[in-house]
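Note that the chains take the letters A, B and C in the order they are written out, and that residue 1 is the start of every chain.
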């Protein structure tokens, strides 16, 4: 048998390359690190206070906020990429999470709402609601086999509307003013530092580690890769496809809600227009992090690094006084480029597979 | 060969045939019935609803998103989508407004250069077409999913809008009559936008149902590879369809600007949702290959009537967001259910 | 003919019946497999093999009949239950996940769990157990290898390892050798013999009759949904197996009409693409030129290259003696070339459109002026072709997706008749088509050739390609490996060329 194996040309060489196998992903992550360093150098040369404590802290807060939401989207894309899995509702879900969390608070300055809850409870309710709305998206997608972008586009509108409704209810007026408040728990989200590290960065890293662990070491985590690789395979392997899709979209909604609470904590206010367009940043985080839009492939380390990169771009452009709307141009371009690169990579790897199977 | 025919005859049961033929139209009929039912119920509930002026109001509002929806129908039939139309509405509105006499804004770009109204409109339409053309180019050449590519361009064009206007609205002091006619005028008692909408619906219906290009659009959406292997120019047709939609979104932007007498950065925001909802309610499948411009006409009127009713009942704009989203979710769910039924 | 070779077969299927709508595809099929036996399952395309295998593996439900495994009645609610009962199904299209490791693919959905923490994957055990299974197969693959990096043959071994990891006792292999090289096939057979020795049974489906003789103990032949016979695979000649499969002598089945071979219509010289290497051929008026070869040998790629569907890197194409540039399907159509592609549903017909619209699709200029369609004329033309080709139901407005496979194929053929193609390339024209429509399509191709058209026919079905063609070109690894004239047609010659070997002179048995 072994002599037969040796007779097939090329096989030994390939098996021998086992050690090199993980290089492409590592290469991508290395590239992200280099890019982060390079941009830091560029921004510092333009404006030296880029490396100041305040600026780095700001960068880390942004990275943590987008990163936490990006973790959810990463899971969604890994597990449902093969059916076009995406969650466009994350920006609105962030706004909604923030609005519910702040709107139910007893300490809201302008609150007219009759219900005033302890902070922990209102945060919990915010997470439950956004999680449930995410689950509803997942249910529609899996039950009726609908395109995820279309379902989450609708959900984006619903969540934004609910944000308006929530805030109007909380402040007893339908003008588009926000809820302002003061609360220790939200201060923890938005202001607290442990040494030089923002509290939410610790939260982000803990969540990232937890999700990385779940993806790598648990049966549920592995089933996400199987589902993302090929839904039919997943069914044959006894994976409950419908339940899994519902769970990942629920997680995405929940983490978006958490990201919205962080945003609200940073701003000490919840506005109906909060997080508008943030889905762009979050998709950038996932795609730049090496999660393939085709599904079945992705890494949490990549998402963490990409979150830092995206937040670095935001911070740097702000410091260079690039108007926020011009940043749209830059980000729109980066998004399309990242997606094109993903396509190129997919085409290359599928060609490689095709050549091998020929 | 006669035995052949006999054998094959077993395969397709005869009774199904009549139903099968109806099936395509059932979706159109269904959306029509929903619309008529909605109108009847609302007329009974609110006397204010059933008046000629209210219907004109609805038509005027629907015309703008309807023009987009008509173009969106063709894009969706090819199996694509365009999320950037809302941003295009805003940008083209601002560009055109800035070129029209008497327009003013705090932005430096805007006051610099003026053109006669017809030329200003042409420039605006050219900008819209260019955006659509680039969308089509990116989608066909890079093979990125259309929703992703146009999500990128949605943001990008929004950026261009801010860059161009500096975030300030473009207003008129006062608006020239010929420009005002586009959005506020009327012919024979019917508002201009409604005429424009009617012409576009007829034109796009004719293109889609009576021309070789239209046939190609359906074939590409139904089976791109079979279309290509039948000698159809798949990429060119797709680019054409996206360009047409860009042009129509631009036209909608011009009409909106004229109607509001102002071009702001929020003009057109969310229009992609309304247009897509209208198209899908009208029975056009997001999967591609099936649908009709007439269906979309019914669809956008359904959305328009719902919005109108919400206004009549004094619902806040906030609720309307929720309703728009729910209507879209409902529409695509019905599409999903219809697809399931077809499969079985 | 021999009956069951073991007193208590491991698998016994009795009276299996299945209908789709009004069409009965299986008529009370009986089949048995002994412990450690390799049973060949033979039959033409459309004979009911895949339906039978899908029923066996719980993919679809049977209408009637029983399945016994080890004497116990078996009822499967789905493929998962069939797996649990010791059945494994290795499809022709491999279903491994390319981004995951070998070990994870082997234990897909059943990864070993940690003791005391069953939600955690025990990776050490996973790699160890996968390694043990691979070792049992004498396969030297590191279980940590990413599967996408392996060749097809090795990916297939991963599938087999997966089957063994489930303790499969009965493995169904559907054309496992379709894309393997000779050496890889040999390796697979060695492995199968090892499985036999372990008491694992295999149901082996292949169109390559010489392989059946080499690896199978018995062969069951299925035709038109009925078992024709079960024979000793080692002692039955390929010729008689083929005859049993088609049910008649080939000469009866394919009433080849002889035509005058006219002038040369198509010449291809030095054609190369990513998958083709310096291919040259000529085809003539009134000729049916067969193209045989294994799946993946470049047949479809040749058809697509001539048709302008794939870019060519070198070579020239002449139509009616004139050099032409075919850089797109549109250009090919203008030069009178048509292509009936291999996958009807994915490439041939637009299923959501009506028959009339499908028929006019490749030549809409014929029924339009300045881009406006003459729908009356279109419908009339379509009706005429629908009648000529006996498409059922004979309605121009009927949505093509609602037709049976054979009728859909007729619509695709009608499209090229409408476009006036004089050089028609048909790629697997009767795959998945019922027997009646098959005969009709063959009749039509003969008729077209009789009228002076040039037909290039690609088929995996050797009896078909031999029955229909005037001449056969055999492809191997992107080249034309050999040409066989009608007088010298033999399965062996074609198979030898297709495997990259020279046929022996005396081996002909046609």
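Note that a residue touches a chain if its C-beta (ideal position, glycine included) is under 8 Å from a C-beta of that chain, and two chains touch if they have at least 3 such contacts.
Source: prediction; values computed, not measured.
Participant: Counting C-beta pairs in contact, which chain pair has more, A-C or B-C?
Facilitator: Pair with more contacting C-beta pairs, A-C versus B-C: B-C.
Participant: Greatest Cα-centroid separation from subunit A: which chain?
Facilitator: Checked the centroid distances; the maximum from subunit A is C.
Participant: If you average the CA atoms of subunit A and of subunit B, how far apart do the two points sit, in angstrom?
Facilitator: Here subunit A and subunit B have centroids separated by 31 Å.
Participant: Taking each chain's centre as the mean position of its Cα atoms, how many Å separate subunit B from subunit C?
Facilitator: It comes to 44 Å between the two C-alpha centres.
Participant: Where in subunit B do residues touch two or more other chains at once?
Facilitator: Not one residue in subunit B touches at least two other chains.
Participant: Looking at the complex, which residues from subunit A come into contact with subunit C?
Facilitator: It is residues 1-2, 4-5, 7-8, 10-11, 14-15, 17-18, 21, 217-220, 222-223, 225-226, 229-230, 232-234, 236-239, 296-297, 349, 352-353, 356-358 of subunit A that touch subunit C.
Participant: Would you tell me which residues of subunit B are touching subunit C in their complex?
Facilitator: Going by the criterion above, the answer is residues 1-14, 16-17, 20-21, 24, 210-213, 215-216, 218-219, 221-223, 225-233, 289-290.
Participant: Considering the complex alone, what residue numbers of subunit C touch subunit B?
Facilitator: Touch list, subunit C to subunit B: 21-23, 307, 309, 328-330, 332-334, 339, 341, 346-353, 357, 360-365, 368, 371-373, 375, 390, 392-393, 395, 397-399, 402-404, 406-407, 415, 434-437, 439-440, 443.
Participant: Of all residues in subunit A, which touch subunit B in the complex?
Facilitator: 84, 86, 88, 140, 144-147, 149-151, 153-162, 164-165, 168, 174, 272, 277, 279-280, 283, 293, 323, 325-333, 335-336, 339-340, 343
Participant: Applying the document's contact rule, which stretches of subunit C touch subunit A when the two form their complex?
Facilitator: Per the touch definition, subunit C meets subunit A at residues 79-80, 83, 94-95, 97-100, 104, 108-111, 113, 118-121, 123, 138-142, 144-146, 148-155, 179, 181, 183-184, 186-187, 190-191, 275, 296.
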